[in-house]
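Alright, structures below, take your time with them.
Below, chain A partners chain B and then partners chain C, in two separate complexes.
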Partner chain A sequence: MTDAAIALTPPRRRARDRGARLRLWGYGLLGIVVLGLVWELYKALGPEDGVVVGGARVLPRTTDLAMPHLWEMASRLAEPVTRADGARPLWLEIVLAAALTLGIAAAGWVVGVVIGIALALVMQRWRLAESAMLPWIVLSQTVPLIAFAPLVRSWGARIEIGAFEWQDWMSVAVIASYLAFFPVAVGALRGLQAPDAIHLELLRTYSVGWWATLRSVRLPAAVPYLLPALRLAAANAVVGAIVAEVSTGLQGGLGRLIIQYAGQASGDPAKAWAPIGGAIVLGLVAAGSVAILGLIFRNYRRAEATA
Partner chain B sequence: MTTTPAGTAATASAVSVRGADKVFATKRGEVVALTGIDLDVAPGEFVSLIGPSGCGKSTLLRLIADLDSPTSGTVEVFGTSAHQARLDQRYGIAFQQAGLLPWRTVAANIALPLELHGVGAAERAARVDELIELVGLGDFAQQYPDHLSGGMQQRVAIARALAEKPALLLMDEPFGALDEMTREYLQAELLRIAAETRAAVVFVTHSIPEAVYLSDRVVVMSPRPGRISAIVPMNLGRSADRAEDIREDAAFFEMITAVREALHGAPVTGARGVETR
Partner chain C sequence: MTHSTRRLATIGAIGLTAALALSACAADSGGTDGGGGSDELTQVKLQLQWLPQGQFAGYFAAQDQGYFEEAGLEVEIIPSGGDIVPQDALANGDVDYAIAWVPKVLGSIEAGANVTNIAQIFQRSGTLQVAWADSGIESVADFEGKKIGSWGFGNEWEIFAAMAEEGLDSTTVEIITQDFNMNAFLAGDIDAAQAMTYNEYAQVLETVNPETGELYTPDDLNVISYEDTVGAMLQDAIWADTERLESDEEYQETTVAFLKAVIKGWVYAAENPQEAADIVGAAGSGWGPSHELWMVNETNKLIWPAPNGIGYIDEAAFDATVEAALIAVNETGARLITEEPGDGVWTNEYIERALAELEEEGVDVRGESFEPIEVELREGGN
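Take a look at the complex of A and B:
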């Protein structure tokens, strides 16, 4: 047997992985550059009044008001938010707002992940629960956020347990968790049902119960399904937090800034893009942080060995 | 490990199947997988189950392992019901696929049953070292299964099956997916291991030379409905004492012919070959 040759393959494969990852980053950066070029090219060459087909404008106007130059947006970041004395630079305002939104989204993510995994466990344990709950879980995502965000807020405002008082940011976190739990519940359920029959059978010969099977086989086997679900949940939590900030009117977060600056766009068009850019970066940061979990759990992502 | 009263442990068969039937209900009606099975396996004996696909040899193994229960008849393992024997962990099992957990190292895979049954860390580590030595994987304890060849994975699976020193080893075509050279090598290893551990082995295979080389007795089964058509004792000396070169003995070929004739239900005419599967 060529045991040595077999033992030698992994390092080579790791090197190949690293090259592939660098290339992925390269493509990602290239995509951003292309997007910027498209923006500027269209602005330079497109008709002033945009492209109108049958009364509907399918491409935007190219005026400085509708589409400021990228460099104007960038330089606007360094200038103060308002002309008032002692006003903070715009970028700092965005960073502070993004930090608040990220904190709320993170709280929503944690709640969503806990609920999502709990639901998946219940559905895996009892088939009846799966048929009873899964349609409702899917249906839950069709409810428009705008519709129930004020509801959550007004219910929350009535909660008062001893010294605990419901805070406005908690409503936002609840709504973020509402978007975050869904991919986790679905992904975790698939993952928990993913173990090979042979592994489950082996555990049966050890005559151990559901918990031990869960711990030693089902949860580890679920990790490859769970990681993308957690990443989706992170992006969803950010979207949910921003939308909920808008619809509950929470001050200080990115959602509020997007509305506020959009209102000032006629006088200061570049400013309105700053919180939008901030929201995009925030989503990337949130999804990227979950990638760190992927590194921690990389042993659980090993390909199923072929016998 | 649980101990049985000394009296029964000494006298009881490792496996005792009495009048076992197994009927599966399918959409197209009932399928009789096994009918009228009677089989005894003595402690320390190596018994192979051989027969064409659909003869129920794997089903019989699953009855002994209590992964399925017989429709009628009884299956006893060391004097207790197969169910109790499973709860008491009286057997170790290996399947055609190694079935290693890909996220665990070789050592951690072997330790799995010990871990699940609450064996302490120190004792566990010592036992795992012993087993890794036994199956000759000393340098690979910290490797993951995806770095091992099929044969090495199967050796890990055997070590795992032996982890709790079972007196009975159940094996369902464990070498079926391996190339011929690895296969013969592991067969010799298995005989050595069975001799060292003094475990009884019930071994499912569809290879005649494999069955002959390994077994004290070969149980020949036939399909539709699955039943035992013959039990052929191997007159080749104790399986534990057999060496590689027995494969070239005249007695070995005679036994192969005997098993083949039992399989086909009539004397085979023509040249005596080493047709394998």
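Take a look at the complex of A and C:
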């Protein structure tokens, strides 16, 4: 049977879809294995002092201090964090910290998405708003977090409304949302402006209002633009949360563990890699969660556009 | 017309309710913040200059042992991350007191921060420059032409002040920025690395020497202590808001009560280093137990014995810090300060009251008989 014939047989096609998905997972796993192999191969074969070109080290040293073996990192994960009584195993500490960071990043993501979509709607509705706001939105991303983080914490510390008191994690979530809203605002605006003029003009001849046009034409058309924007926003929210944790010293999250264990990297090199690995997994989980949204909006998603 | 009036009325009502609710809260929080009531605890925020660790053992001990509460205070100890500058948080009014090194704050004061040193907890500088024993670097004068490690961010001024005294400036050495660990030193990228007695020096001593398979020992290292040079600067001090000290009587009283509790915390840490290390560990420090204990013990050495009483600001030492700060020029050509700070940068008024009251209560605030313990470091500080 030819490929074309298989494609024409519906039950078989479903099986083939499943096969394709399995293959995708397979490739993903293969990528991780290759990465691990490259690490170990370079460590085994690379020069001890790394590769230095013109005084700058372009490839790292291969000592155990700079590049611990993967199996050392793995076995370190199973050991307790410290010798202290009741110390958790390192992997559990990482998982708990990652869960906290994920929660904060998720809060930041939700806020960022709401603000981003609201901004896009305003900019789509009024051309003047677009001209006035878009440059500022772009400019907002050039403010370095190192300057922004202490300000947010300082402002937050003053907020106290009734029983509500600003918590430190909220400052971190605000910073995460600050990074997350940007791709959403830009992507959603592009998506809302995506419908063909001919469709919009048709609705206009029916004298359909802005809201109805938005619901029936603009929002569905925006989905292919919005999905990659949401995924970008998820990754940004995770990065923002971790950086803000480092910057404000918030206890309990991955960012804090990254600086804490970096201080112990001389005597315990494998330990310092654990929270970094945790951050990578966290980014994948966050971006992967957005893929579930893609399934929900499958009907609107003929093809994903690049934001 | 009626419709829009009604809407206007509704909005007005909502606004009024919100305003009332807000003002009610404001009145509420004013009451607790002032701490006027007899059994109400006064809320105090203390900003540290880094994550919880043995360096701050006295504050955590005061918290854990209930000394703050006895003094009528409810203290929130706020750790700092990479970008939080304690004296800025204090000057902004985010916190009531802050822990910071004197030279860094001198820079902030010249830039306009209105803060006052009320207690010089560390009487001695804990900064070292660590080189290998066979490096030939035995004093600051040997820095010339070498790769010298420094953390930057205001932690570097002792290096440049000590070098200036030897007639060296930053162009005669190669300054290499260090990160959180000693890997650059261990890998040979740095000839002499900056290290605190209570932290980075121990990091080297808890690392396995790949040549011997054993931990590095002090014999492997040359240690230059800035305390022995004119570059020495005063470090951890407690800073307060100058304006509130001058005008707010409640704050003055709180300051004395706070200092008394802090002193008791440090006395506890001196007498019970192991317990103090455990307290800091429970407060969220991530160091291994032997590193934590080392840190508490070395910190104690910077505080005790305190002949004038813990926290007393020695005018000569403060002036020496200012002088060292005036001659230091860093690798970017920047100066920390250009002129002597005015009066009101430090005061012994509150620490003297706190010390006198504690001595009356029979607390040993001088620690003349203080003896540090021996701490054995284990691999990775574990």
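Basically, the second predicted complex is superposed on the first by the 279 of 307 C-alpha atoms of A that agree within 3 Å, B and C clash if a C-alpha of one lies under 4 Å from a C-alpha of the other, contacts with A are read in each partner's own complex, and residues count from 1 in each chain.
Everything below uses one rule, namely that a contact is a pair of C-beta atoms (placed from the backbone, for glycine too) under 8 Å apart; a residue touches a chain by one contact, two chains touch by 3 or more.
None of the values given here were measured: they were computed from a predicted structure.
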{"item": "Chain B or chain C, by number of chain A residues touched", "value": "C"}
{"item": "Which of chain B and chain C A:Val217 touches, first, second, both or neither", "value": "first"}
{"item": "Partner chain in contact with A:Gln167 - chain B first, chain C second, else both or neither", "value": "neither"}
{"item": "Partner chain in contact with A:Ile198 - chain B first, chain C second, else both or neither", "value": "first"}
{"item": "Touched partner set for A:Ser75, first chain B, second chain C, both or neither", "value": "neither"}
{"item": "Partner chain in contact with A:Ile146 - chain B first, chain C second, else both or neither", "value": "second"}
{"item": "Touching both chain C and chain B, counted on chain A across the two superposed complexes", "value": "none"}
{"item": "Chain B - residues contacting chain A, complex", "value": "65, 67, 86-87, 89, 91, 93, 95-103, 112-113, 115-117, 139-140, 143-154, 177, 182"}
{"item": "Chain A-facing residues of chain C, complex", "value": "21-22, 24-25, 29, 50-51, 79-85, 88-89, 92, 94, 179-183, 186-187, 199, 203-204, 206-208, 210, 278, 281, 284, 286-291, 378-382"}
{"item": "Interface residues, chain A side, partner chain B - complex", "value": "1-3, 6-7, 9-10, 196, 198-199, 201-208, 212, 216-217, 220, 223, 299-300, 302-307"}
{"item": "Complex contact set, residues of chain A against chain C", "value": "61, 63-66, 81-84, 146, 149-150, 153-154, 157-158, 160-162, 245-252, 255-257, 259-268, 271-272"}
